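A, B and C label the chains in the order they appear, each numbered from 1.
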Amino acid sequence: MLKLFETETLSLDKLTDEQTAIKVKDFSVWLNNSLVLNKINMRIPKNKITAMIGQSGCGKSTLLSSFNRMNELNQKYAFSGEVELDGRDIYNKKENVAKLRTKVGMVFQRPNPFPMSIYENVCFGLRIQGKTERRMLDDIVETSLRNAALWDEVKGRLFDSALLLSGGQQQRLVIARALALKPEILLLDEPTSALDPLTTLHIEELINQLKKTTTVVIVTHNMQQAARVSDYSVFLHQGELIEYSDSDSLFTMPAKKQTEDYITGRYG
Amino acid sequence: MRKFSAPEQQTISSFASGLSAAILLIVLMSLVLFIVLKGSAYFWPSQVFKVTTYDTPNSEVSVFVPSSVNIDEFNQALSDKLDAQFSNSALPMPLIVVEKVDAVYQISLNLGAIQYGKFQQVNTPNSERYQLAELNDVVADVAIFQNQLHDIQTNYLTVLHRKIALLNQSGVGEEAPARLKELEQFTYWQQKAEALRHKLASYNLIFIDAAGQPFDVLVKDIDHLFQPNVMSLFDKISYSGNKIIEFVSESPKQASTSGGVFPALFGTVLMVLLMAVIVAPFGAMAAIYLHEYAPNNMTTSVIRICVSNMAGVPSVVYGVFGLGFFVYTLGGSIDSLLFSDALPSPTFGTPGLFWAALTMALLTLPVVIVSTEEGLRRVPEGLRAGSYALGATKAETIWKTVLPFASPGIMTGVILAIARAAGEVAPLILVGAVKFAPSLPVDSEFPFLHLERQFMHLGVFIYDGAFHNQTNTQGSSMMFASCMLLLIIVFILNLFAIIVRNKLRDRYVRI
Amino acid sequence: MKRHLELNTHISGKFNQELENLTNSVLTMGGEVEQQLINTITAIRENNASLAERVLLNDLKINSMEVQIDDECMRIIAKRNPTASDLRLIMTVSRATTDIERIGDEICRIAKLVTKDKLPPSDIVLGGMLMIAEKVVFMMRGTFDAFARQDEKSAVAVYEQDDAIDKKHKELLKQTANEMQNDHTDMQKWFDVLWAIRSLERIGDRCKNLCEYILFLTYGKDVRHSSMKKVVKKLMK
């Protein structure tokens, strides 16, 4: 039979280890002694965009920041279960957290460029790793800024303060800063909630470009954004994983009533 | 009780707050104005009036009196004073005449004293009589002789004296030929110096004082000479300029009643800078520990409260602590460990610049800690998270992102610390500031910065001046000038720190 | 006011791709239907039953295309939240596919004349049918051209061709009635012929609908159920 539209969706149940970027096994989190995530099991496919949606406080940000152990910065944090990256539990005792975070980059809700030049912002992670060779830094800065679709706008003023950029440019700079470390996984925590709609679209387009080389996990409050940008979507509710499937089905024919209610705006 | 309507309440509250602000402004302005007026009067040439008092018809006493006011005001002030003095007295009120004499000269001497007189003549050894216009030639001659004298003293007499002393030490006999030769040389140069001194003494100027009696002034003692009553405005301005330069660049003379305050100025700035260098890193580090590392529990809160309370401890307590702990205990230990050969005369075991700076650093530490913590609190959480997310450790995050962002806060602390330290007197008297220090704490001798030396401080200088020179109008005027200078110093130091802070703020803080 | 449609200027490259694929798929479907009609005409002319049979089979493909395009429309609406011209495009596509699919069904009905051997016995009627069919093919081609170029002028021109078809259709009906009077041995056959003639006319109507959709797409104004002349006057200002 003739197929008019090409779609390639991996079956999430039958994901092989090569196709998996992050494997979450029975993962639970307690913050200040209250259960925030309850036995989450999921596999996040490699080089795809996975969106997490759900109400505020449903645990999606907590789950996201579990992937690079940023949630440990909170006081009173406890967990059980495993998060596997390349077949290795990142919560093992010997894990080098700083190194892990260079492989799993993260971008936050509000653009947070450092109060330095654009160039130094992009170099920040590299300098921390002790890389100082000027030529190499120049190359990486250019590539990262190009990949973040910012190069053309800032190439003439690399040494100006990053704080002079607009909100959307700052957020792209922050993405470029994460990309400079060539992360395998990029975690985006509501990356566009502080930006105007058009800038948001630019960032989304950028995210779409990124998936060629990077696995992207994005948390968003904006369901339409999740629908637009993601290949796969997770719906979380009160710490439980309710539904996880490819976005096409989730947003046209969700399997669970809770999901349907949430994405159609029927939730109480 | 009457109830005020809403607009009335509005009016009352805005009026009350506006009034307070206005009063504050007036107080501040009058303080600055008073200090500036009084202080600048010191630099402006005063007029000289001849005051003649007729006690009895045939006995009269005349003096020259300098005054910064004009003749009418002077008369008025004088008669008011006499009224007050003689209104309840049996003695008849004396007749007093005040006149402005144009020809009178003000003779400022090298040692700081000031005399007034009418010029009569210039005396030179070759008994030629010069006019005052030719004084410059005479002064040039005198300068040559003085140089010669100085030359002899430093190059010959001092050297010979040292040689003889050496001979004495090594026990050379009284009649040894080497010794005799040196002695002969010494006597020769001494005679020469004596002759020069004699010659110098014969260059003098004869003036006539108010009572008509002549008196002489040696040319070599004269610093400058001018007629205050006939000066043009330009002359007055250039006089003031010279006086200001003298004030900030020379040492005090005549028991701190004239001359300059350079050592005090230098000491103040040096001490404040030294203190800033000590307190800034120390305070910043303490604040970083409190804010970044210390667990959020009772102990930390108690420490914070203690730090805040430290700011309220009277400064003299710090002075006593500095004297007892730093100077005697710490300094004494250093002396016994490192400078034991110089004992019993203390090196560090005595009040000195370093201890003063350290005490002031301790005094201003709470200010720096509090404002640094304030700066750290203003660092957005996202900035830290961003740094961690790029694989930075806690130390790297603090050092590379948090600290630069908090640097304006640290600078604010340093500004406040500088303002406080520059004006503090009580603790400084105890730990190292003195009324008169023989040498500056910085000189060309190794190690150039002598931390153990005592130093002069403007605040202490003013304090001293206010206590000991209350009778001398000129001296108290110099005290006001020093006050003005202290204000200016604090202002400049603050301005500098504010500029630095704003630069940092522009660089690091989001607009 | 005419709004020029720019499908490939969205910030999201993926969206551009999706919209382009969508319009292309409609054109593919249209081309398919056009080929069906041409094949049917050939089958009638040559009385080629196997070709007609193929046309009937091929209709399944067209049906599947309708379903796929509808699914894609739904997916795009759900995922992209299209607005304004994008939304009109998708609504247009969704409606158009329904009409095109119906055209496909009508063609099947005509093709069945050949497979069931029910071609009209009269040459006059057959000739008239073929003539109308040629006109309909021409109109259909014009319609899809107008859709591909989103050209409202040619859409209006195509729209007006329907009048001629209707006229011919009436004439043909009269002729058929005459023929039926002469030969009433097989009334069942005549009924099928009448249905087929009506289907041809219906195809023309559906093309008219498609033209209305094109106007809706380019002007953003629904011109259905209104007098076309007034509308065109208003629009062409």
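Just so we're on the same page, a contact is a pair of C-beta atoms (placed from the backbone, for glycine too) under 8 Å apart; a residue touches a chain by one contact, two chains touch by 3 or more.
As the structure is a prediction and not an experimental result, all values here were calculated from the model.
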Open item on the list: Once you draw an edge for every pair of touching chains, what topology comes out, line, ring, star, complete or other?
Closed with: line
Task: Chain pair bearing the highest count of C-beta contacts - done: A-B
Task: Whole-Å gap separating chain B and chain C, where each centre is the average of the chain's CA atoms - done: 103
Open item on the list: Rounded to a whole Å, what is the gap between the Cα centroids of chain A and chain B?
Closed with: 64
TODO: Mind checking the centre-to-centre distance between chain A and chain C? Centres are C-alpha means, answer in whole Å.
DONE: 47
Task: Numbers and ranges of chain B residues touching at least 2 other chains - done: none
Task: Complex interface listing, chain B residues touching chain A - done: 296, 380, 382-383, 385-393, 396, 400-401, 404-405, 507-511
Task: chain A to chain B touching residues, read off their complex - done: 68, 70, 73, 75, 98-102, 105-110, 112-116, 124-125, 128-129, 161, 163, 174, 177-178, 181
Open item on the list: Can you tell me which positions in chain C touch chain A when the two form their complex?
Closed with: 10-15, 21, 25, 28, 61, 64-65, 68-69, 72, 74-75, 78-81
Open item on the list: Using the touch definition from the top, list the residues of chain A that touch chain C in their complex.
Closed with: 1-5, 198, 201-202, 204-205, 208, 224, 227-228, 247-248, 251-252
